[in-house]
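I've put the structures underneath this note.
Presented sequentially are two complexes of chain A, the first with chain B as partner and the second with chain C.
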Partner chain A sequence: MKAERDREIKGSRDQVPGWADPKSARVTFDQWLDLFDRVPDELIERYHYYGNGEAWSKYLFPPQTFSIYGARHLRRLKFDNSLAALRMWGFVQNETERLFRARQTGRRVIATMGDLGAVPVIVNSFPGCVAFYPDCIWWTPFVMESRVLFDAAAELGIGDATCFSRAALGAFSKHSYFPDPDLVIASTGASCDDYSGVEQLVESFAPDMLWVEEPLRGECRMSNDECRMGGASERQALIEFLKREYERVVERMEKLTGHAITEVELREGVRRANRVRNLVARLRDLAFRHAALAALEMMVVEFGNLHYYSDMGEWTAVLEHLLGTAGGRAREGERVLPEDALRVVWVTPPADPLLLTYVEDAGARVMGTEYVINQALEIMDESKPPLEAIAESFMAASLIGTSGQRAKSVIRQARERQAEGVIISGILGGSHCAMETRLISDIVKQELDLPALEFDVAPASNEIGRQLQTRIDAFLEVLRSRR
Partner chain B sequence: MELIPRVTFEQIRWERLEEIAAERRKGAKVIGYFCIYAPVEIVEAAGAIPVRLMRGGQAAEEAGERYLRADACSFCSACMGNFDLDPAYKQVDAVLAVNTCDMMRRLPESIENHFGIPVFQLYMPRTSEPLPHRVAEFRRQLDILAADLAGLTGRSVSDERLESEIAAFNHLRAMLRQANDTRRANSPLLSGSTTLDLTATAWLLGPVKAISLIDEVLRMVAARPRPETQRPRLMLGGSMLTEDDRWLLDLVEEKADIVTDILCTGTRWFAEDVPGGGESGNGEVGGQERVRSDGNPLDRLARFYFSRPCMHRRPNTDLHTYAEELVREFRVQGLVYKTLLYCDPWNFEARRLQEALGIPILHLDTDYSTENREQMRTRVEAFLETL
Partner chain C sequence: MKDLLTPRERFGLLVIDEPQDRVPVFPLVTAHAARLAGIPVREYYTAGAAMARCQLVAQETYGIDFISFFSEVGLVAEALGSQFDYPEDDLPLLTRPKWTDLTRLDDRVVGPLTDGRLRVYIDAVTYAYEARGDTVPILAYVPAPFTTAQQLVDQEAFLLGLLTEPERVKELLAYATRSIVRFCRAIIGAGGLPILVDPLASGSVISAEHYREFALPSEAEVIRYLHRYDLDVVLHICGDTRTTIAMMPETGADLLSIDRVDVAGAIAGAGQACRIIGNYDTSAILLSDPKTIEREVAEMTTAGKNCPKGFVAATGCEVPVDTPPENVRAFVRSARQVGFNPDYGRRRRA
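Let's look at the complex of A and B:
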């Protein structure tokens, strides 16, 4: 049995010479600085982005480095104490610099917006092109504890009563958070309004913009059962539709780069993206089943499937490193959170990462997520033509169907991992949150008889409000009392 | 003095609802729909009765909060509430919803879940460039809709029937355009408020009865002398304006003339005709031919509805162009832009639209509550003083 488990949990914690992780734990910001003092110089020299050995491309820095440059919220979080996690944080926090370096070193920088996971697979198949999601700027006001981007968005017409994704508009207007993209590929359609509105206003900052349609997955029909649950022919029609949209992406990229892409290159792009998705699938399993990684790191890991933090090769290496660490922990029975922690599924990613830290500190652990990025977690079928494979995986997208379908994903995970409760975080004024939060909550409660906590993430601040703390505490108390 | 007292419209509509109830008792099906993208011609061709669901109101909004969060748009909340409260909504056998904005896209699921009313969600691509595969997908959706409606009513949608309905609704559109055109004149007799009543009543009556009503209104306009006074000429824009928003129009029209609008419950429904077989598009605004003709009726309907401008389309250049043309053609001096709280597609565009139009704008962002009406009055009056 143990051998079988060992086979399943691949990777080794001894993969980095000159370094041994301390016993796994979540540590504070200050404790991380102490740990970083022990990291030998050779290791700091070892990790570079964009696959080169130049001094400017190092990224193994402690969270303190980024806090000094404005990411003040990092001081309040708790981090995994492994080298792999430190490497991950350095790599992720370094992304703005990396994007400007991309431009400086002659790469083309493509902003992909809205679809969360599919278009970068195509863009990254083109040599010398880097895709990134301005969408992910929505964490920035929280990490920076600053309203600067929200205020900039407000000046352009998007005020406070809407999703935090408006920060992306502010970032476009500031020209400082990423280089002005060579091309913006904006996906919209059966997606959220807030971001579609952001995309529309971004158009004035984008000299070259391509609109891509995301079709609605037909799940609400009066009598046509074939269509009702996305039957085979309905599904195939939408896949064909998406293929046409992706062909336009390919054409525009060819025009931009002057490079006629081959099927082999696209296949390779799909294969590399699948490599990442597979690694993340294994990490999810290790984190959710064995508590080998905490929720904060796992949120960063999952969202890496969107655009690989602008360097697919190095992100893959970071994930392999994490997998080695998490696999080793699982094999040795080490956990970052207590075995008896309350088991919750988290629905919709919290814009404020401090919430994950808080919930874990309060005695729970996240062992299932529905972070509106199902499409980026799907493994693509490499036996199919690449655009078809990408389109097919997109059909799993969280936001293109009904709330009932999202609820099913939550229910499946909750059953699989014996969850004791469901936390649904939302955004006041977020278009899909307003309509689906209560529906998902109702469906989950009916189907599973589990308590569900719904709350809206408060605007960027340096702490979690007392009222919300009380609600979370009370919710966890209820879960505890049901044991 | 109004051309037609409001009570007359209310009487006409009450009688029509009575008729609909009688038809339902004989087996007719009522299809509720919300927006200008709903192809009413197909609904009629399937033998069903289309009823536009366009009520708002504070009581309904509050009732709707039983089902939706407080930050759902007021129209969606009111819609849920009206399924509990409104006699027209209670007659609905099925809902035809088009996935326009995010909230309208998700509303049908709540209706189905809470009221057990079957819904058909029609997928309209949000991207506005009419690429062949996009129009083809919408055309495919219309096929599924026609089949579903036929399943509900037991009557298949034939080409002949569709052609007949297209002609009937085109006639209705033409009549509404004609009525609307009377507002080009100085001191128009047809107020914005009456136009909203007339249009809403026309949708409920259906083409045949509505056309004779509009004919009568046009005769009244022709017979009555226009006042000499000159008042500011305004355009209305923003989120869906419901039958319960007349108070705002009345307020504005105490001191100004509302001469046109870019509303989905206004001119955008009748600005153009569905081209007949072999004809070209009959664009009212700017005379642009936006819709190719030829093809069978479902093809033409697909192309026609796909090309309707709306703020939620991406890019929404067509709506901006539409607004600019109306400002020019109707000599508009100011825009009253009423948005609903949490209505992102219209809220986000207020600033950009003002910049594009270059006229003063009064942006009122509110829900259906009545408590703030005096504040609104102050803002409207202040705006009118600046013109």
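Let's look at the complex of A and C:
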């Protein structure tokens, strides 16, 4: 039995000279300060981004470093106590500086917006180009416990009645969260309408902007037989449409870089992206089945599939390190959360990461996620022409279809992992969520007879509101009572 | 003129070699903040919450780009056992150093939450960080080993020891370093950026040779520790550092805070390696008039903007306690105007 389990769990724990991971646990901010005392200098020197030996490219630093530079929320979170997780956090928190260093070292910096996962596969296939999503800035106000970016967005016309993603507009206006991009590739169409509004306002800050249309993936209303035929051709038509959109991306990138990209380069880009997606798929399995990693780290891991935190090579190495740690834990039966924790599926990424810490502290663990980035988790078919493969994988996108389709993904995961409840965290002011949250909740309750908790994430703060705490506690109590 | 960036955003760009919307402005307001807030100076340096509130008032009133905590350089020595007097409305005074000579050391290391007034700083950092840490960098001055050593041992004996007992001096410096590092760690944990301050290592006190042999290595050791956390380290040495300015980058400091050195000379000596912070005359800010201050700060800022690694318009040392507020305002106004960067954020067409 054990041998069988070992075969399933790939990856092995890295033997890092001068360091041995303590017994798996989630630790506080202060506890990481103690742990960091044990990290030898040689280890800090070991990890660099962009394969660069410069002092500025080191990133193995503890949460305290980033807290000093304003990431105040880190003081309230709980972190995995492994070296791999420390490395991951250091790498991710360092991204603003990394983007500026990209520019300083002659790389082209391309902002990709809206599609969450597809366009960077193309951009990163071009030599010397780095793609990033300003969309991910939506976490910044929460991590810093700050209104600065929301206020900046408000001055430009988007106030509190809009999704937290408006922080991206504030960041563009500041020119200090990432370098002014060489090109902005903004996806719109069948997507978040609030964010399309943000993108339109970003245009005034963009030196060059390319709009990409995302098609709607409709529900087939024909009979089963007809659907199989007509649905298939409809799907193929959408893939062809997307492919043409991506050809426009390629053209614009070629114009920008002066580099005529080859099919081999694009295939290699797809292959490298798939490598990341495969690693994340394995990590999801280890985290969700074996509790080898906690929800907070896993959210960071999953979102790495969007743009690899601006250094694909190093992010891949970080994931391999994490996989080694998680795989080793699973083999040895070590868990970061109790075996009897309540099993929940989480829908929509919480803008406030403290919610994940709180829910886990309250006795639950996340066994599945629908973080609106299905398209970035999908493995691309490497036997197909690269743009077609990218387009095909994008057809799995969370936000281009109906709420019912999203709900199906939630239901599938809940069934597969025997979830006991579903948590849906909406976005205060986000019109998309206002429409969708209740629908998903109703479908889940109807299909699975599982309790679902819906709430809107409150604006950035240093704590979770008492009322929401009570609702979460009560929800988990209901789950407990159903056992 | 309304700022585009917060002080934290501005500092963030400075330390990664990116242009800012304007030069950061940093008159070193320390105990003067107590006067501004209308409380006795002793209350300022003995109660963390009071110290923080005063600094928050000063930052808000003047529009300074940093919140900085400092009272005097004996802080770590006091925590290790040196004795001080605490006048009602003035800064602490060393009354009896821990040792009269260099003959013996103990194995003590400070407890940042229990010894002396270290806790005052930690509390102040914690308070200010919670209040304004998202928008303003929170700095805490930490006396360097060389300066601390001169508060632990009778200063004359110490300076004589540089010549007669260099090994014992180095042992004392190592002793001080252990406690300083411990204190820095606590500041880091509270959300503050430690600034290393070493006024008794200036050229006004020791020779360049002694600086290289004693002060520089001990500064470098603390800076190495801070670099473990990837912190951008400010080394502040007030007084005359003309003979040592070119050596100061060897400490590993990322920013040099200077006093009685010509800005152009400091840039020539260290501006390729470090950002320069400086250096308006503190007597002038106390005694001069706003118009003169504006003119002189404009000249300083114009010169400082030529620093390849970046510049912070600051005073050379602490703003004296009784400085008229209108003089500090004149300093800030002028530095902001002259330090404005009209090219910041201009669209770059590909």
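Rule of thumb we're sticking to: the second predicted complex is superposed on the first by the 470 of 483 C-alpha atoms of A that agree within 3 Å, B and C clash if a C-alpha of one lies under 4 Å from a C-alpha of the other, contacts with A are read in each partner's own complex, and residues count from 1 in each chain.
Just so it is clear, contacts are C-beta pairs under 8 Å (C-beta built on N, C-alpha and C of every residue); 3 or more make two chains touch, one makes a residue touch a chain.
What you are looking at is a predicted structure, and each value in this text was computed from that prediction instead of being measured.
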| item | value |
| --- | --- |
| Partner chain in contact with A:429 - chain B first, chain C second, else both or neither | first |
| Chain B or chain C, by number of chain A residues touched | B |
| Partner chain(s) touched by A:125 [first = chain B, second = chain C, both, neither] | neither |
| Partner chain in contact with A:101 - chain B first, chain C second, else both or neither | second |
| Touched partner set for A:58, first chain B, second chain C, both or neither | second |
| Contacts of A:144 with chain B and chain C, given as first, second, both or neither | second |
| First, second, both or neither for A:374, with chain B first and chain C second | neither |
| Touching partner for A:174 - first (chain B), second (chain C), both, neither | second |
| First, second, both or neither for A:398, with chain B first and chain C second | neither |
| List of chain B residues in touch with chain A within their complex | 67-69, 71-73, 76, 94, 97, 99, 101-103, 105-110, 112-113, 118-121, 123, 125-127, 129, 131, 133-134, 137, 140, 144, 147-149, 151-152, 312, 314-316, 341-342, 344-345, 347-352 |
| Partner chain B, residues of chain A touching it in the complex | 156-159, 161-162, 186, 188-194, 196-201, 203, 211-213, 215-216, 218-224, 227, 237-238, 241, 244-245, 248, 402-404, 428-439, 442 |
| Contact footprint of chain A on chain C as seen in their complex | 4-6, 8-10, 12-13, 16-18, 129-130, 133-135, 137-138, 185, 188-189, 191-193, 228-231, 344-345, 347-350 |
| Contacting residues of chain A [partner chain C, same complex] | 30, 33, 36, 41, 44, 56, 58-59, 61-62, 64-65, 67-70, 72, 75, 96-97, 100-101, 104, 144-146, 148, 173-177, 179-180, 182-183, 205, 207-208, 256, 462 |
